[in-house]
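Beneath this line is the structure, given in structure tokens, with notes to follow.
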């Protein structure tokens, strides 16, 4: 979950990281009021959870108060990277004599936390990293023994700083590190970290990504996910992972890999998936019922293929949820269930008794072929409930 | 032979008193796994599925010579449970749960590396050496003893792959689930090295998926391997920028695509299959 | 600085360590009111900063409310180990089925922190430690890597506990450890830690000693030292260490060892020191003036021997303070100053010009002999200012 | 020769920009000590007493090969300053300040031990090898090069002892102040071992005081020593249960008395003097 800039800056301030004076506004009127407290020259910054905002025109520098209302109005009409601008951060306009990059992130390949630092920060940091990598300094951070202040100081000294400014940077680095560990961030980045003409050092931007898995023990001022797609929100509530796609065949898998493979095989047969839905390891009768209901809320869905393994999941209970859905739903779409593993026979029996098509083959393509066949036959014949059995490969023990 | 999990393995079940822990212990015992004890703090002195329960892992090590553990501890508590197991001298740690906070994973991984411990997961189905035992949640009926090693980032797809191999008459030496998280305890390449060195294993199947660069990293070693490697990578149709169930399954900034992985693997001499059943067939053909 | 039991228990409670319900009373009336909220049976515990309180009769078990007032009155009349009872802790009376000892302290010899634990706690813990040392378990604690919960659990298991009680003890141990490090304790001890009939585990006593040197960054509810000797309190204010003794010769040293050696040599000559005063490394003119004034407030003082080294201390400045004291004081006692080290000549000159007796010998016994001689001659002749010079051993460079 | 502080010593002064740090740097330089740099965070780029000032110890090590440090950092900050010096590879750390919180001392000591670093103090006058240099606050004029090693828990008494030795014509190889706190960085016995091994040192004087059991612990080694050991223990007249200036100088529960120390030392074959001038005389007699 990415925080918006202003949320990140509030978090920064809480951990003693210096940020500019500023206020969030939700309409041009509020923006004008906020600016009145900040002085003549201010910056308006659209609050959207995507990068490249500056290049998209989402940042406005205001040198005359009379320009402000119109510019704010224009910003609130914008849509950046698919996100409508609903909030603007109004900040004092500060000019930097030097822009620095400082960031903590996780290198997923190695599992290391890395502290990145460059005395040449700002919008072109990626170009600097590519063309002059010697200007980007890297410190591996052991999560079991984070570097103390003095190691950070020696690290930052490589950027060519000394004395008071170095001390200021060291304190900021230590606080960023403290924040990163205390709030279990995935990313904590300051770019630019600006040195002002009066030698103050301030974080002019804040990029913070938090770990959804740690939210049970971490508080943040706003749960950004609440603004996601409604079906995805409902999926989270049910306890499954759902990603909406553009095809017509609903997909439910009891694991992420299996669900993706099912999608891949649909595509191989010339069909597109309507969604990705993964149950995880918590299948119950209710969960399966709710998952199927969720998938079928998408009006594009012409049929659903369900691919399950009984390992940690009690597929015999999942079967009951599927049967209940079919029974309680008026003209449900065709459904094919492939289910193997622990208690597979019990699962099959429940499904067959409930009139659901069962694939006992180990090949996912057989389940895909079966649902395609059912969808097509439904199209031809009109609305019939599926009740056929596909058993091309019943070697499974 | 087999890798990591063998006839010397004496395992403890951490979180044995939980619902899943208890049920899975029964399955593992039924499969013939050598489980020596369970551990749940605060529940020492009880018995679950006939096994003694201790308050700490040290006790299981002292009294039963435990050298492996499989964890069904809830995600919020798994970090300390894993660190305890490592501190107690356990050398194979199988962390089943998903939704483990990343910072906890980083700490677990760091401790495992410092102590030369095999950490599988989190978010793994576990490990099975058919005919010997299983530490994990995989359905035993899908697997069969044989000469193919499987490394999988996905639980369900590893079961499917085992079932497909059985259809073509092949069994497995060991199936290792590395876990579906962005950061996992053991690198795929390390497990490949174990399979290359194992006399029983004659071929290796990699079941990969989008996200990360584990497959690309593995490719560098495949180039040097004597044994044939077959791979299937799931997620050809997954949209960029979205997490596909597994926290680690995401194409981010153009990184971790199926194409990049296939390219690296093919260049290294691996056979890449378009679907799991093709991977089983290709493996049959090269043995 | 030792905390009183109730202060220690308040600290315990703050860190989640379970303590009995209770309240502090400053007179029998308050004790009765406190008891009324706690039930029929209560315990009255005198709050004094010394051990052995129970054996001295400082703890009263009250089974009938009508006994309470009289017993409380009796306690408030007591004096335990030299401390008058000014506060009583009124607590619910709990019976233990088992008494445990748990303590964290610093082994000064090795510099290790040790966690001590015995399933046989209570008043006889020292006897247990002496006669059955195998019943006292010891865990060395590395301050750079304190033991995590799971190590504590395995440690405490040695006491023969398991299951729920072990888990409870483990939590208590972890919290005691957290408190010990968070508040930088010198001693954090629970004896007894009681298991009650209902399986609850409670700290029935609290022994907490805090580090005076850490008080600049630690807050405690009450600074107990404020109740110390008045002269010692003033000394702390001036910035010196003062210990009142029973003799007649005031001693000031610029170091603890030197001051003690001076006392030892006075004793060798048959004289007793009136005090120990050590300046530490912060000598200034004012500090020396104030120190001398403090020493002379003790009416027993018949003369003062001052023994200084100029290392970190500017003895030439100290000399000015001495001279000022002599000049400003009406009939000051005889004073002898031995001063060596950096700027010794400048120091001597100031003193001599101010009419103060200087010893330039390196032997402290020469200074001691000199002050004795001055005191005795003063006794004989009445009150004269000292002005003689003692130079028996002037080899010093 | 000398111990710990010798001709190879290249020292840095941490806290050089403070009042005491600056004054003492001048005294140490005047005494001929090889000081290569000063360190104060936030003051890098300045010069004090002609020495360059850096923001961190690592810089002084990189640029000047510093291998020792003397600290005039205020007590609240000394822990991190010492840990930094150790982390930067410094092998002799002299921590002058008193009133250092005990938990900080414990951390410093633990780090020093893990890294085989000599930590003197806190609350020490420092170390002086007459004719070579001094890292500390002792007045140089009291000391003279010679063949006696001094180990002292008290600063002022060590100066007095050096002055008394001079009177009887003896100088010092090295005087080591271990510090007056209840817990100090280096054990007296370790320093005795260094003196025993040092060819220049012919006798050792221990200047002890009440409190702790450093002298008792040293006695166990004195028994094995070839060189004569003379001791003086201050505090015969100190009342029990009161801290005598030094945080470590306290007779607590009957432990740490002068009698106990004298008994242990005499039993081990040391000569125990009743006053410092006797110690000087005894030393003279046995050389």
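Per-chain numbering from 1; labels A, B, C and D assigned in written order.
What we mean here is this: a contact is a pair of C-beta atoms (placed from the backbone, for glycine too) under 8 Å apart; a residue touches a chain by one contact, two chains touch by 3 or more.
Just so we're clear, the structure is a prediction, and the values are computed from it rather than from any experiment.
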item	value
Topological distance between subunit A and subunit D, in contact steps	1
More contacts between chains, C-D or B-C	C-D
Separation of mean Cα positions, subunit C and subunit A [Å, integer]	58
Distance between the centres, which are taken as Cα means, of subunit D and subunit B, whole angstrom	56
Whole-Å gap separating subunit C and subunit D, where each centre is the average of the chain's CA atoms	26
Category of the chain touch graph - line, ring, star, complete, other	ring
Set of all touching chain pairs, with the criterion as stated earlier	A-B, A-D, B-C, C-D
Residues on subunit C engaged by subunit D in the complex (per definition of touch)	106, 108-109, 111, 113, 142-144, 181, 184, 186, 211, 213-214, 216-217, 241, 243, 245, 253-261, 263-268, 272-273, 276, 278, 280-281, 307, 309-312, 340-342, 344, 362-365, 393, 395-397
Parts of subunit D lying in touch with subunit A, wherever the complex brings them together	41-46, 54-59, 80-81, 83-84, 87-88
In the complex, subunit A residues that touch subunit D	148-151, 153-154, 157, 162-164, 166-167, 170
Footprint of subunit C on subunit D - complex, ascending	20, 24, 27, 75-76, 96, 98-103, 105-107, 109-111, 114, 125, 136-142, 152-160, 163-164, 166-167, 180, 182-184, 207, 209-210, 212-214, 217, 232, 234-239, 242-249, 274-277
